[in-house]
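Both of the next two complexes hold subunit A, though its partner changes from subunit B to subunit C.
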Partner chain A sequence: MRGERQSQRTRRARLRRRVQSRRKRARRRRARKALQALTTSALALPGLAGGAAAQSREERFTSEYAYSFYSEDALPRSKVTAGGETDRYQIQTHQLRFAAPIADRLDLGLDVAYETMSGATPWYVVPDADGDALQVMTGASIEEARTDALLRGSYHFDSGQASLAGGASFENDYLAFNGLLEGERHFNEKNTTLSGGIGFSIDRLEPTDADLDPLRPTKQHRQNISAFVGISQVMGRGAAIQSSLTYQHARGFLSDPYKRVLVEGTPIADSRPDARNQLAWLTRYRQHVSPLAGTLHADYRFYVDDWQITSHTLELAWYQSLWWSLRLIPSVRYYSQSQAAFYGPWFDLPRADGLYSSDYRLSPYGALSWRLRAETAFSTWRIDWRASLSWERYLSSADLALGKVAIENPGLVSFNLFSIGLTARF
Partner chain B sequence: MRRSVLLLWLLAPALLGTGCAAVKPWEREILARDDMAWDPDVLEAQRQAHVYFSKEASLAGGGAGGGGCGCN
Partner chain C sequence: MGSPCELHLDEQPGLDFEAVARAAVDEVERLERKYTRYRDDSLTARINASAGDPDGLELDPETASLLDYAATACAQSGGLFDPTSGILRRAWDFHSERVPSPEELTPLLERVGWQKLRWERPRLALPLPGMELDFGGFVKEYAADRVAALCRELGARHGLVDLGGDLAVLGPHPDGSPWRVGIRDPRAPARAIASLALRAGGMATSGDYARCMVVDGRRYAHLLDPRSGWPVEGLTSVSVAAGHCLLAGTASTLAMLHGRKGPAWLADLGLPHLWIDADGQLGGSFVAGRHHEQLRGEARIAGP
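So, the complex of A and B:
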C-alpha cells in the first residue's frame, strides 16, 4: 500500500517536472520569436535595409530558382507581307540566385540566368497599295542562347551599407561586362534613407552572318555609364515611399544591326545616333491595409531621353494574404511612349542627319498588361520554402498611346509570360 | 523639361519628410512584412525589368548598372 502511494507521488512529481519543462521551453520559444521579429523589423525595413536598388541584409542562406516561358503572339497575316513568317519570339529562361552571410557584416550574392530564344523578328516596314503598314519579318528562325551572371558583395555599417557588383552577359553575337558600386545611408532614426550608385557596361557586338549581308556591320562596340540617387521615407507604421532618379549615358554603336528601314523605296541599315542620354524618375509607394490583410504597391515612372522619347508607366499591385499562407497578387501595368525623333514606319524623303529607324520599340504606342501571381510559404526540416506561380498578359497598340498615332507600327508586340519559382531559406 | 524634373525631385524629400512622425523600431512589425518590400521577389523583378527593357524604349530606373544584351 505504502509502496503504491510512493510510486503515485513519484509519477505526479515527474509529470509536474515535464509540464514545467514544457512551459519553460514555450516561454523561451516565444522570447526567441519576439527577438527575431524585432531584429528582422529593424533590419528589413523597406527603403532602410534595401535602398533604391540594393537588397536587404542577408541573415540566412538563400537559394532561389525560377523558370519562365515567354511567348509572343503570332502576327496577324493581314499585317505581314505575302509569304512572310508570322510566328515570333519564344524565350525560355532559367534563373538561379544564391545569397549568404559570409561574415558578421558581409554577405555575398550570385545571380545566374540562362535563356534560349527562337523565332522570327520584325525586319522593316513597307506600305501596301492603300498606304497601310506591312511588316517584313526576318526569313529564318533565329536560335540563340544567353548566359548572364552577376556577383555582388555587400558590407553593412551601423547606419547603411555599400555594395560592389560585377557581371557579364554572353551571347554568340554579343558580349557585355558590367559593374556597379552603390551605397545607402540611414537618417532620422532609420525613417529616411538616402541611396546612390554608379555603374557601367562595356559591350561588344559581332552580328552573325555579317559576311552574307553587306548592310550588316562585322564588329562594333558600345559603352554606357549610369548613376542614380534615391530617397526612401517611412510614412507611418504601414506606409513607405521611395523616389529615385536614374541617369544613363550610352555611346558607340546604338543601332540594331539586324534591322532595316525603307528610305525612298530602298531598305537600308537601321541608323541611330551614336550617343544617348536617358533619365528615369521612379516613385514607389507601399501601403499595408490591416483590416483587409493586404498591401498596395503603386509605382509610377516618368522617362525622358534626348532621342525625344518620353514615357509614362503606372503599375498597381495588390498583395492579398489568404489562408494557409497562401497569397494572391493581381496587378495591372499601363505604359505609353512617344516616338524617337528619327523614327518612321518608312521614309519617302531622306533626312538631313541620315538617321532612320522603323523599329517598333522606338515607335509611338501604349501597352496594357495584367498579371496574376499565387504564392505560398511552408517549412520543412528547418528550411523555409516559398513557391510561386504567375502569368502575365501584355498587349500593345497605337490605340493605347496617350497621344494620337498616325500609323501604327505593325510589329508591336503582345505576349504571355508564365513563371514558376521556388525559394529556400535555411 | 529636365530642369523641372530635377527641381521636383529635389523638393520631394522636403515634401516627404513633413508630417511624418518617426516610427520607432518596435513599431515596425508591418514595415518588416515581405509584401512591404520594394521588390518582394528579386528574381521576378529582374525578369520583368529585362522583358520591359527589351521590348520598350525606356530605362528601368531605380538603380545603376545592368548588363547589356542583344535583346531582339
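So, the complex of A and C:
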C-alpha cells in the first residue's frame, strides 16, 4: 500500500517536472522569438543593417547535404515506334556544400555534386501512316555518372562583396571547366543593390560508343561566355523588386551528338548552328503580407535567342510561416516557348543552311509545374539545423503553349522531382 | 542627450578624425533636436500637440521605422514596453516624496496604451487629447548605433560610441583586442561593479540609481509599469550586450520592467547580461564562471 503511494508520488513529481521543463522551453522559445522580431525591426532602421551584427557573411562553419531524385514519366506506347523503349531518364543527385570564414573578411566555399543517370532518351521522330509523330528511342539504357566541383572565395567589403569561383565537371564523355567573377554593391542604406558578373566555360565532348553510331562525332569543343547585371530595390514595408539581364554567347559544337533527325526519310545527325546568342530578362517581386505571416514571390522571365526561340516563364510562390519555425511553400510555374528556326519533327525537304533538329527541347511547347516545399529550422547541441523536403510535378505539352502547334513533339517530358536537404551551422 | 557623450577613436592612418567627430556630433544633435521632449519645435512636440486630432500627421521614414520598432517591442513584451507611458511621470514626482492617489493615476492611465494609438505607416494619430509619445526610451540607444554606423561609413574602424552609458562599438582596437567597459555599481555610481570586453555590437544599462524615493521606509523606483502605473520592484540595474545598442537597450529596459522575473527572462533571452537586485545581489552571464556558456565570444567578463 505504502509502496503504491510512494510510486504514485514519484510519478506525479516526474510529471510535474516534465510540465515545468516544457513550460520553460516554451518561455525560452517565446523570448528568442521576441528577440528575433526586434532584431528584424531594428535592421529596418536607417544605417543599422550595415552594422557588424547584420552582415550576411558566413560567420560560422556551414555544411549542407542535399539529395534529389528526378524521374521522367515513361512515354505512352502510342507515342513510341513499335517495340521501342518507353522508360526514360532517372537522375539521382547527391550534393555536399561546405562554407567557412577563413579570414576577417574572406569566406571559402566548396560545392561537390555527384549524379548518376540511367534510362533511354529520345533519338529522333518519324511520321506514322497517318502523319502523326512517333518517337524513336535510343535502344539500350544508358548508365552514366557525373561529378561537379566548384570552389568559391568571397570577399566582403563594407558595402558589398565580390566572389571568384572556379570549377570542373567530369563525365565519361564530357569534361568542362568554368569560372565566375561576380560582385554586388549596396547603396542608399542597403535599400538598393547593384550586382554584376561575368563567367565562362570550356567544354570538351567525346561521345561514347562512337562505333555504335557511325554518325556520332568523335571529339568536339565548345565555349561559353556570359555576363549579367542586376538591380534590387527594397520598397519599404516588406516589398522588394529585383531585375536582371543576362547575356550568354556560346560557340563551337552545339549539336546534340546523341540525337538524329529524319530528313527526306533518312535519319541524319542533329546539326545546329555553331554559335548562339541568348538574352534573358528576369524580374522578381517579393511582398510580405504581415497579417498572414506569409510572403508572395512573383517572378517573370523573358528569354530570346538568335535561334529564334522566345520564351516566357511565370512563377508564383507563397512562403507561409507556421508554428515551430515550419514554413510551407507551395508554388506554381508556367512556361511557354516558340520553336527554333531549324526545328521540325521531321523534314520532307532539305534546308538551304543544312541545319536540322527534332530535339523536343527546341520544339514549340508549354509546361506547367507545381511544387510543395516544407522547411524547418531548429537548434540542438549548439548546432543550428535547417531541413527541407520538396516535391515537384512537371508536365509539358504542345497544348500548353501560347501559340498553336501543328505537330506536337512526342518526346516532350513530364517528371517528378523529390528533394531533401539538411544544413548544419556550427 | 541629457548625459555625457563620448566618442573614442583609435589611431588610424589616413582617417580624418575631425570630419568623423563632426559628423558624430552633428548626428547626435540632429536626433536630439528631432526627438527631444524639451523643445517646442521638436517632432515629438509636434506629434504630442496633434493629440486629439483624428487625422494625426504623416511621419518621415526614419521616425516611421522607429515607431515600427516600438510597435514590435510593445507587441513582443505584452505591452510592457510602451512609449505612451511617459505621462505617468506627472503623478510620480520623485522630489515630492509622496505616493500618488488612485484618483491621480486613473485619468493618466486612460491616456496610456500603445493600442490606443492609430499607427498606419506613415500616418500616426493620437486620438485621445492629452496622449503623449516619448521616444526617450529608445532614441539614445538608436543614436549610439547611428553614430557608430556613420563613423564606419566615414572609414573609422576602431572606436566606441558612449552616449551616457549606451554603447555602440565601431570595431575593436587595431590589434584586435576588445574595448573594456565598466558597469557602474548602482549603490556607488563612481565605482565599477564589473567590467566587460566588447568587440562588436552594443551594450546598454538600465538602472534606477538615478531617480528613486523612499516613502515610509519603502523604496519607489522611477521605472513605471505602463499597465498599472506603479513602480516596478525587483532589480536596480540591468546591463545587456547585443548586436545593436538599440536591442540591448530594449532588452535591459524590459528586464527591469519584468521586476523579480527579470533574471529568468534574461536567461531565456540568451543575450549576455548582468543584473543587480535591490539586495545588491549580482547575477547573469557576465558573472565569471558562467560567461562562456552564453557569450560566444561577443563579450567577456574581467571579473566583478
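What we mean here is this: the second predicted complex is superposed on the first by the 369 of 426 C-alpha atoms of A that agree within 3 Å, B and C clash if a C-alpha of one lies under 4 Å from a C-alpha of the other, contacts with A are read in each partner's own complex, and residues count from 1 in each chain.
FYI, a residue touches a chain if its C-beta (ideal position, glycine included) is under 8 Å from a C-beta of that chain, and two chains touch if they have at least 3 such contacts.
All of these numbers come straight from a predicted model, not from anything done at the bench.
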item	value
Subunit B versus subunit C as contact partner of A:Thr266, first or second or both or neither	neither
First (subunit B), second (subunit C), both or neither touched by A:Asn188	first
Touching partner for A:Ala176 - first (subunit B), second (subunit C), both, neither	first
Touched partner set for A:Asp158, first subunit B, second subunit C, both or neither	second
Touched partner set for A:Thr380, first subunit B, second subunit C, both or neither	neither
Touched subunit A residues, subunit B compared with subunit C	B
Partner chain in contact with A:Ser78 - subunit B first, subunit C second, else both or neither	neither
Subunit B/subunit C common contact set on subunit A	37-38, 40-42, 44-47, 50, 52-54, 236-237
Of all residues in subunit A, those that touch subunit C in their complex	27-28, 30-35, 37-42, 44-48, 50-54, 158, 236-237
Residue numbers on subunit B that touch subunit A, as the complex places them	1-2, 5-6, 9, 12-13, 16-17, 20-33, 35-44, 46-48, 51-52, 55-70, 72
In the complex, subunit C residues that touch subunit A	61-62, 65-66, 68-69, 72-73, 75-77, 121, 142, 145-146, 148-150, 152-153, 169, 171, 200-201, 242-244, 246-247, 250-251, 264-265, 268-271
In the complex with subunit B, residue positions of subunit A that touch it	37-38, 40-42, 44-47, 50, 52-56, 64, 66, 68, 70, 89, 93, 95, 97, 111, 113, 117, 121, 142, 144, 146, 148, 150, 165, 167-169, 171, 173-174, 176-180, 182, 188-192, 197-201, 203, 205, 222, 224, 226-228, 230-231, 233-238, 240-246, 248, 258, 278-284, 286, 288, 290, 295, 301-305, 307, 309, 311, 313, 319, 321, 327, 335, 337, 340, 361-362, 367, 373, 375, 388, 390, 392, 394, 396, 413, 415, 417, 419, 421
